[in-house]
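Going in written order, the chains are labelled A, B, C and D, and every chain counts its residues from 1.
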Amino acid sequence: MRRLPNANSQPGWLFPTVFLVILLLSAVPLGRLAYAGLAATFRSGLPPVLFETGTWRAFANTLSTSVLGMFVSVALGVAFALATSLTDIRRKRLLGFAFMLPMMVPPQITALAWVEMSGPASPLLKTLGIAPPLGTPQPLYSIGGIALLLGVQHAPLVFLAMQAGLSAIPRDGIEAARLSGAAPRRVLRDIVLPLALPGLIAGASIAFVSGVGNFGIPAILGIPASILTLPTLVYSRLASFGSQTFADLAALSLLMAVICAAGLAVQQRALSGRDYRTIGLSGTSPVFSLGPWRAPVEVALWLVLFLILAAPFAALVASSLVPAYGVPLNAETVSLRAYGEILFRQSVTVTAFGNSAFLATAAALGLLVLSFATAYLLLHRKGPAMAFLLVLIEIPYALPGIVLAVAFILLFAAPLPVLGFSLYGTIWIILIAYLSSFFAVSLKPVLSAFRQIDPALEEAARLSGAGLARRMRDVLLPIMAPAAGASVVLVFLIACNELTVSALLWSAGTQTLGVAIFNLDDSGSSDLASALSVLVVAMIVALMALLEVLARYLPDGVLPWRR
Amino acid sequence: MATLILNHLSKAYDGGRAAVNGVSLTVRDGGFLALLGPSGCGKTTLLRMIAGFEQPSDGSIVLGERVISTAEGVLPPERRNMAMVFQSYALWPHMTVAQNVGYPLKLRGVKGENLRRKTMEALDVVRLADLADRRPAALSGGQRQRVALARCLVTSPDVVLLDEPLANLDRHLRAAMEETFRDFHARSGATMIYVTHDQAEAMALATEIAVMSEGRFLQVAPPNEIYAHPEGRVVGGLIGQGTILSLPVGEGRERSLDRAACHALLLGEAGGSLCDVLIRPEHVRPAVDGIALQVRECVFTGERHALTLARADGSLLKAFSAERLAPGSMAVFSVERGWRL
Amino acid sequence: MATLILNHLSKAYDGGRAAVNGVSLTVRDGGFLALLGPSGCGKTTLLRMIAGFEQPSDGSIVLGERVISTAEGVLPPERRNMAMVFQSYALWPHMTVAQNVGYPLKLRGVKGENLRRKTMEALDVVRLADLADRRPAALSGGQRQRVALARCLVTSPDVVLLDEPLANLDRHLRAAMEETFRDFHARSGATMIYVTHDQAEAMALATEIAVMSEGRFLQVAPPNEIYAHPEGRVVGGLIGQGTILSLPVGEGRERSLDRAACHALLLGEAGGSLCDVLIRPEHVRPAVDGIALQVRECVFTGERHALTLARADGSLLKAFSAERLAPGSMAVFSVERGWRL
Amino acid sequence: ADLVLYTSQPNEDAQATVDAFKAKNPDIEVEWVRDGTTKLMAKLMAEIEAGNPVADVLLIADTVTLQRMKEAGQLLAYKSPEAAHFDATLYDADGAYYSTKLITTGIVYNTAADLKPEGWKDLTKAEAKNLVMMPSPLTSGAALIHAQVLTGLEGYGWDYYKALQQNGAAASGGNGGVLKAVATGEKAYGMLVDYMAIREKAKGAPIEFVFPAEGVSAVTEPVAILGGTKNEENAKKFVDFVLSEEGQQVSTKLGYIPARNGVAMPEGFPAREQIKVLPLDAASALKTSESDIKSFSDIFGTN
């Protein structure tokens, strides 16, 4: 008879398949970049970046901004997740819904809006009469400023991962703690947070890695104050492309990979030696009554939301209504011309909407499947190979888009071996790059959900006769609907806005929304760019509203704002 | 510690029938109430209301002088000083066994050596001291249940709520734990409410038994009283074993039937309207003279055989026998006692 | 359907003592094996190995002609055509009761009306037909257990593994479910392995009983055999009630002791080395002549009173009595039978 | 496509250029890719490294960048007949690249500012303390060239930049950032490319632009043919067209100073004679660019 597989193992094809896919999405492009770097090194010696103090300062800046930013994200994301899923505040759904939107405003715009909001020209501060005089140094041009904005930008990532984690906490565990005499705050500290730790850590680690690879915010807030981070450093290297640039790129990528691996190591440590598997059913979470604190908490949440969403978004809307920067918004200057132009004259916007919608959907769903398979594998197999896979998955997301794009061009510019045709210049290469880039984002919530699930639920399905695909679809996916929802929403939102990867990989006909917005802005049509951004946000809101209407037909808990 | 009073307590889950329906009861300070009833009758729901997890749809709960639950609001569970063994155990998966058990102590400010000692004492009682550092996921079902038990009894709660706390334990452990409950009850004087499906357990432990069905209390009485004098078909069928026969019984007669009365009834010698009569197996004994019955079934239960006996009209009686009787054979039994429901 | 053979099966969890330790057993095709043993002795682990969830550390499992588990590899559970009631139920929270129960059918290609009908039949058996559209979270503990039961019995598995399947059900439901098991077993001919703490249940259902302790089988025998002739202190203490006394028994004598032998032993008339003797409460009866014992405890259990009796040297015996005897009083009992362990 | 163009011109400009070319050569199908210079170069270099460059023609950035490519042997030399109408400083003697327009860097100021600057040194005055912003040579090629040109100017040198730094001037990303900062009043003065300021002013932004009397630097968005092109003939046609009178008028219409002699200035610009364009030697600028960046970084502390 045939050799029998291990008890806790998956079908024999699973590991090789997942391994191969990860190799293809991550190791091969990264390896190609490393190869180009090594070749350049052999041609002209070790890359000088490695010996410049500036590089190490950028390394330190990257580390500090992303760590601080992560803390900001965690504070905001956790607060919102707890408030919307465990307390009796009103309009939770709206809060949750709105809290995801900051991710939809491109980082550059958020940064500019905050600069404007806190600078001398701030309409807000002017109205309040506390605008600083012309030329006052901008407080946001600092490590703290960068971290703050990174934190704000990435808070929804923590929010979503955390919510998925919270939804898996068994209700009776909280009740038992309360009956033991723990006041809500104690329950939070001793039971809720520890049990939601996988979700929390997943969120924190995506926020951290996002901060490592972010270019838009440090570019706008860091460069004026001479604060370079690794992504902005990479960019400045690329500006004067020379013989050593590939070596520089490879070296800087290596540094970012090191940060990532260190982050992952910390994450593994934090999670190790614990068991988060719930035993039995995890029902609906109970609700803590805030009592007299409800109104203040609500005010605080809405205020934060105003700062991180309404203000940048208002700035966006305002600049879409006036023809040029600095033109005051008043009855004479206001016009909807930009919207007319975008909607009815620019044919690219329609294509871009189509492309981005396709890419974001395909990436989100494709990665969902991939993430489930990978998470399943990672949880059932242990060992250094698995840790290595995790790092491989994470690096592409940590690299600035431009580096990843270069790696993919290196790999795909020439026709594919054997097959003879080239993917370069088609929409598929962008999709592959998206799969590579956002894998980490998609995997995190799913992996943490797997950590929390009662294994007996899968075992029962197996004994019923369900093979891997079947029990994934029928049992695991629906049970982990919150995590699956978070994963899809995260990837979709990020992909909708993605700029750099698609910018370098696109050609005529395949441009995406991010590229379209960037091009409009770059050619001085800030009004059109803003209008398009506003339309993108509107599209997302419309999409979410549509899902809200369809909620009845979707598995429970998939829609993050409905929990 | 104080008297626990339930006033017309009701609870309906969203859009369903009432799970608990107008229940009233007084458990005196230090009482030990066993709650019996078929699966789904509302026992857990009642405990959850007492603990403060569910808000009553109607009625109120009073503990001592304080109203602790009404349809308008409830005193939060953490301020009730109660303890509970959950039907699902509700262990915290991220804590070790010792941490799980010690947590209520920690909340009460017990620290260091004292905490360790008390925790280990509680674990000793449930015989889990050597598993103190395990996580719940690495325990067997019965071990989990014992952790939940230890956690429940580690402090000095005013009210202890036990939701089938011994369901997953073997007989010996069960006996030992019963002993522990009795000790704990005697020592702490806490009011205990105990849900179980094991009547022997209930009888052995409780000062009072409440029989519940479909959200209502059918009878509340001390164990021997409820066993001897159940009220109505449901309680009669639920408490102890026995069969209920519809027999013609004349009006105005004693509810307690002696041997002669039973035989008269069973032989159809008495007239009158039909009435439900409960006959317990221990009162049906092999005898020299009495009623001839056919053995339908004879099931070995270890200590003895459980017999199912058929009367001439096909209605059934139950009895015990030390010896195996062949199914199908006829035998003579005397019926010592009966109870008119 | 085929014979299930366990060969020197062992399982040690990471870095712990062996939870199952060199267990060998043959359950013949269509057999009904009850597994008894104290909490934590390895029953669930054994079932999980049979189901294919755990890989043995050593030994193998053979079903019919096929080796389905060895230390090297196991046949995946989904290809074993077994069914199991999990100790923790393992219901799928996102499916309704009907969907939970119907899922194994769906996987076997049953569709439409046929699926619905079979599902409802299974739900009828466990008396949950009217809750078909509920989610498990909105069920009581016993109702959840019944859903798990229905899901287990809805298909025609070759082997059925039941891990304390009736622990949370009331007596009547339990009796009805026992009946269901018997029916199912007779009808489907499946091999059944049944873990329970309720010995009456085990005795009533099983064709064989295996007693487990600390990962090993102590005795495997038919119910009446194991009750009458337990091997060793542990089995003797575990099966049925009774007390084990260390008494001087002469060598080479019968293991089965009659009344005369018992009395001789108890009165210290027999000489010889000390030996463990098991005396069951049903064999200790109030009598006119016999042994005078002091009543230490008298606990009401409904049907009767459980007595704890003390001999002169302080060692204890158990007995039953229909009437309450005052603790502290003396009474005369005859001991009808004993068993040398 | 019969011809692939990589350009860093803004979208509408690139479209206009291609449209005009196609009007003359209807049978040549042109595909164009536009992006920022940095990204475009990264893309191009990666393609070259992979051994399969897609572009045929570049219309991109500045002569220094193309000089680097020329020296790396990545450009095709083509002697265009139109070269005769251009200043010799505006194209490569070997025909590797040709300037197509002049994008000068001057001074922009917010109309609310106190000082109306006229020369570069005005930016070091006390009135401008903390109010000056310029693009950083680290991100903008034009800014590097501007620095190289200004420091080469008599009486300026790196001391000028030191003075700017001491006066609290900020060096931020690209030209867009400077425009936004000055237009929104966050800063009062900035170094900025001409067309951006003039276009934005025409749309109503509260800014003014001056061409300082000492002279201005210029980047020239040269056109070049990539070595190894598969469409050499079409590429040459494109180069000729861009340099032709007709092609140059496209630039003018879009608001750029044409490179070709004798073509009219775009609207909003002073007469060509009033703008003193300081010359730049691409070859030597390339040699010093690394050290220039370093000097700049040393002063502004960046990197």
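The criterion applied here is as follows: a contact is a pair of C-beta atoms (placed from the backbone, for glycine too) under 8 Å apart; a residue touches a chain by one contact, two chains touch by 3 or more.
What you see is a predicted model; the values in this text were computed from it and never measured.
With A-C and A-D as the two chain pairs, more C-beta contacts join A-D. Rounded to a whole number, the gap between the C-alpha centres of chain C and chain D is 88 angstrom.
Note on chain placement: the centre of chain A and the centre of chain C lie 54 Å apart, centres being C-alpha means. Mean C-alpha position of chain A lies 35 Å from that of chain D. Centroids built from CA atoms put chain B at 54 Å from chain A. Shared interface positions of chain A, i.e. residues touching 2 or more other chains, are given as 279-281. Within chain C, contacts with two or more other chains are made by residues 88.
Remark: the chains found to touch one another pair up as A-B, A-C, A-D, B-C. Every residue of chain C that touches chain A in the complex is listed here, in rising order: 51-55, 66-70, 72-84, 86, 88-95, 103-104, 107-108, 136-137, 151, 155. Chain B makes touch with chain C in their complex at residues 13, 16, 36-40, 43-45, 87-88, 138-143, 145-146, 163-164, 167-174, 197, 199-200, 203-204, 223-224, 227, 237-241, 280-282, 299-304, 306, 322.
Within the complex, the chain A residues that touch chain C are 1, 3-8, 11, 279-284, 454, 456-457, 459-467, 470-471, 474-475, 478-479, 481, 555-556.
Here chain A touches chain B in the complex through residues 170, 172-173, 175-184, 186-187, 190-191, 194-195, 197, 274-281, 286, 289, going by the rule given at the top. Residues of chain D touching chain A in their complex: 10-13, 31-39, 41-43, 45-47, 49-54, 65, 68, 72, 110, 112-113, 129-131, 133, 136, 138-141, 144, 170-173, 176-177, 179-180, 182-188, 196, 199-200, 203-207, 289-290, 293, 297, 300-303.
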